[in-house]
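Read through the structures below before going on.
Shared chain: subunit A. Partners: subunit B in the first complex, subunit C in the second.
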Partner chain A sequence: MRTIKEAIVDRIDYFLSLPAFIWQVLFLWIPLTIIIVASFYSRSAGLTFSFYRELFTGAHARILMRSLVLAFCNALACLIVSYPIVYFISFRASRWKGLLVFLLTLPFWVNFLVHAYSWFFILERNGLLNKVLLSLHVISDPIHIINSLKAVAIVMFHAYLPYMILPLYIIFEKFDLRLIEASMDLGANRRETFWRVTFPLTLSGAKLGFFLVMGMSFGEYVIPQLMIGDKTFFVGTLISEYFILSRQFAVGSAFTCLSALVLFVLTLFVFIGFRALKKGVR
Partner chain B sequence: MMDEAIRFEHVSKYYGSELVISDLNLSIPSGKFFALLGPSGCGKTTILRLIGGFEHLTSGKIFLEGKDVTNVPVNKRRTNTVFQQYALFPHLNVFENVAYGLMIKGLPKAQIKERVLKVLHKVHLERQVYKSISQLSGGQQQRVAIARAIVNEPKVLLLDEPLAALDRKLKEDLLFELIELQYELKTTFVYVTHDQVEALAVSDRMAIMSPDGEIEQLGSPKEVYEFPRTAFVAQFVGKTNLFKGVLSCTETECSLVVPGIDAQHIFADRSKSWVYDGNEVLLSVRPEKIEIEKRELEGFSNHLKGKVDSIIYHGRATEYLVEIGNRSTMSTPPLSRSNLNRSHLNRSSMSRIVNVFEQNEEHFERDIIAEGDTVNLYWQKDNAVLLEK
Partner chain C sequence: MRRLRRFVLPSFVGAAYLFLYLPIIVLVIFSFNNAQGTYNWHGFTTKWYVALFHSEEILMVLKNSLIVAFCSTFLSLVLGVMVVYAFKELLDRLAGLFYIPILVPEIVLSVGFLYLFSFFNIPLGLPTLIVAHTLLGLAFSVPLIHARFSEMDSNVIEASMDLGASGWQTFVRIVLPFLTPSLLSAGLLSWIISFDDFLISFFCAGSSSQTLPLYIYAMIRSGVSPVINALSTIMLVLSCLLVLIYSSIKFQSKDIV
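Presenting the complex of A and B:
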């Protein structure tokens, strides 16, 4: 006869994952279902597409497009900047590895609002950036950065960099350096070795980081709010506008679903892109 | 000299401030299976990496088929390596792994395919061509690693403990395949290992390295095993019994005076500088060169009496540990890192145990020896070797 304790120990993995599962059902799947239902159904009209029809405007398309481009470009910029950094840390900075990764993730340790506001002081009209550029005579008049898309992009890039660096770093740490030796032994030079071995084998980290940064950037709410103010400029800010300010739950739900769909399509394209990239370098 | 695949001239290598290889001169013959045998940490892998071009030497010169390759980078050297843990490309399948080198060279696709398939056939992987690396067993992965190297037709194939990760049966199979492959290709193989059984089995010539990175002896496996020059070689390659004694020489011949037992008749080459009256030396007698009998026998030059301490049955042979009434003989305890050190060896492990191997030629032996029996040990003086140090 098996005791209850034995049965529990046997299935310990199920029991341990139960809290997370319950959490996900309660706070993801149920709300998501509610939103999907709410976007198609109203008490007065029954099943209806009218809420979606309200979204077929140029303004909505522009907002979706803006968030989409911002998310994609942010992920791309994070990738392009992080990749060489992580490459260097993993392969060259043998003794300082731990310290360097810690320093890179340091922004995480500062309260997010504080670190977003500190950008404010750098980017404003009389801020550090303009002062430096003016004194170096790179520009003759202060450039307008704050309250613009540029400011949002810069701060988001900085805020999401660790989400790209960490997955990349994990993949690079798993990378077997002898593969580089094997490639060189077989006659490949450094460039060929990079494109044929190092790059394809670290692509999965880049992909993970890309999806993380892109997904989170797409719905970003706080940074546009801080940098531009209360204009309904982005997907995140528009959703909050629908739900919190104008209390149009049904249209808000429809917009939420639509934006999720748009993000999904973009993700799919990026996924295909990575696939092609992997095939291409082979 | 075209008979020489590789020559090291006064090669030294430092890792930081640590001297790994000091003033090494080495010549590896062309077209032969050459084994580099030594305990772990002796620098044998470093030598292999220097040949491959993975490491830069601190001073000296390396020649590949007579050409100075000291400053030729790894990807321009006509050598290929079979790595210890194979280092196969996990994102490529078997075919693509093997084709890698040819593809880098930019050969036409049809030619690549032909050569890759031919090599895969040679290493018995014709049914695994399009499998991914993770689907293969350890032995198959090893074969891919070998195929990936030899498809490039290197002048020298470097093998870094290639069989270390495999189980015994597979190891033996692959050893035979490697020997066959070398015979077929006539490429110079340089095989690094710490396993004396492997080294003896595969090589035409072998070099034995001491723990401090020097080459102790160079020769055919038979020469090295039968005529070890030093106590280290005698103990590292196979098992042996060492007797410490003082030479007592007349004009014509020498004997060895070992305290506590009879003087041993020995064969000594008087032309050697260290063979002189009164010099303290070691005598190595391999366990299988000794006859063990309960009866008294005639016609042997050396005879010892002893008591059987323990018997280990190995299947094809039986090992007898015989205690002889003497404190100054040494036998070989199982090799461990500590007793590899020569100075240590001289001071300690003074044992009275002599190792004897007897082939189990028959199912039932006439004269069964049991633990505690008094036995006679015999050997011929020509089968024992006087050691230089």
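Presenting the complex of A and C:
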């Protein structure tokens, strides 16, 4: 005769692991399902595409396009700037390496809002940038950066640069330096070694960083909201507008799904691009 | 020409670090500025720090933030250890599942939480925040704890059982001490993610329960103030300390392995 207690002890694995899985289902899968269902279905109209039809406007297309271009360019800019930095830290920085790596991890722990806020002191009309440029006589009148797309782009680049550097750094750390020696011994010059050995082998880190930065920039809310306000919408700011201010949950869900789809398609294209790049350098 | 080229890369890296840190340095300097709402320097003062510690509002939102961060960290560690200990083999294949909350854009997650809570008429507040942050915490705690547990020699557990220890004793005396480094780093990560989180809190904190990032955000929107600078500076210093603790933990755990 098995008692209930024995049965429980027997199956203890399942009972212990249940909470974590329940958490996933309840707070990740169900909400995502609700968003998708709500974008197609309403109690009054049944199955409907009317919420999506509301999104077929020039304004929505422009917002999606703006976020798309910003996300892609931000990821590309981060990659182009991070690559030499990581290359330097991993291969050249011998003595300073520890300190440089420490300084790279620090921004991760700094609050995102603090990052964005600190830029006001640089970019404002009387901010540091204008003061320096004016005193150097580069410009004669203060330039307007705050409340423009430029400010959003600069702050996004600044905030997400560490997210590109870290995955790259991890890949560079795994890189076997003997491969470079081998390549040189076999008669390749520095440039050939870089393009045919170092670059292809570190591409996976670049890919990871690219997806990370692109995905996060695409839905970014705080930076556009602080830097440009309600004047120009981005995907993140428009979604929260739908859900928090105007409480149009159905249209908001439709827009959320559409944005996710757009991001997915972009990611796919970038994926194909990276594959082509890898083939190209080989 | 050759010598000149040798300086290109280091100076580029130097410029990049300056770019990364300049805004923060300026921010810290202006927390000591003896004037409000200006970008000009008016002399040194520490009065904003004094004002900070006398503001009851800030202490209240700080309390909320700490409650949420500690509860969600605790929950994600406990749930994480439970699932890893019970389901190690399955997790070898399924650990990736727990990464999904990081891969889904944060704004989608936030919308999902808001929708879920309003769908079931659950009032927004600290409990909903704790629940939401725990999901994010699990995304870090499960893979980290799982990776550490995979390094453990299963013979050790068997030996402990053979020598007469019960399952619980084995867990507390053998498994838990072994997992400690991963618990510390996972705990620190989920703590800081919860403490710093703005967007999810913005969607599911409700109007009555503010957290520190929400409060800072409201303050920034109402204009530049040295009090925010002072607050940011204190948070920066705390972050530095956390990074130091974190890297020393990682360093030590490397020694053990």
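Some points to look at:
The definition used in the following text is that the second predicted complex is superposed on the first by the 255 of 282 C-alpha atoms of A that agree within 3 Å, B and C clash if a C-alpha of one lies under 4 Å from a C-alpha of the other, contacts with A are read in each partner's own complex, and residues count from 1 in each chain.
Here is the rule we go by: a residue touches a chain if its C-beta (ideal position, glycine included) is under 8 Å from a C-beta of that chain, and two chains touch if they have at least 3 such contacts.
Every value quoted in this text rests on a predicted model; they were computed, and no experiment measured them.
Model built by superposing both complexes on subunit A: subunit B and subunit C fit together without a clash.
When both complexes are overlaid on chain A, the residue A:L261 reaches neither subunit B nor subunit C. In the superposition on chain A, A:I139 makes contact with neither subunit B nor subunit C. By the touch criterion stated above, A:D185 is placed in contact with subunit B alone, subunit C being left untouched. Once the two complexes are laid over each other on the shared chain, residue contacts for A:L201 go to subunit B alone; subunit C is not touched. Looking at the superposition, the partner that touches the larger set of subunit A residues, subunit B or subunit C, turns out to be C. In the superposition on chain A, contact of A:V222 is made with subunit C only, not with subunit B.
Of the two partner chains placed by the overlay, only subunit C lies in contact with A:F112; subunit B stays clear of it.
In the superposition on chain A, A:A59 contacts neither subunit B nor subunit C.
Figure legend note: subunit B and subunit C, brought together by superposition on chain A, show a least Cα distance of 16 Å.
Residues of subunit A that lie in the contact sets of both subunit B and subunit C are absent, per the superposition on chain A. Interface residues of subunit A, counted against subunit C in their complex, comprise 12-17, 19-21, 23-24, 27-28, 30-32, 34-35, 38, 81, 84-85, 87-89, 92-93, 100, 102-103, 105-107, 109-122, 124, 126-128, 158, 161-162, 215-216, 218-219, 221-222, 226, 235-236, 239-240, 243-244, 249, 252-253, 256, 260, 263. By the touch criterion stated above, subunit B contacts subunit A in their complex at residues 52, 54, 73-76, 79-81, 83, 85, 87-92, 96, 100-101, 104-105, 148-149, 152. The touching residues of subunit A, when paired with subunit B in their complex, are 176, 178-179, 181-189, 192, 196-197, 200-201, 282.
Listing the residues of subunit C that touch subunit A in their complex gives 9-10, 12-13, 16-17, 19-24, 26-27, 30, 38-40, 79-80, 82-83, 85-87, 90, 97-98, 100-101, 103-116, 118-119, 131-132, 134-135, 138, 142, 192, 196, 198-199, 202-203, 213, 216-217, 220-221, 224, 228, 232, 235-236, 239-240, 242-243, 247.
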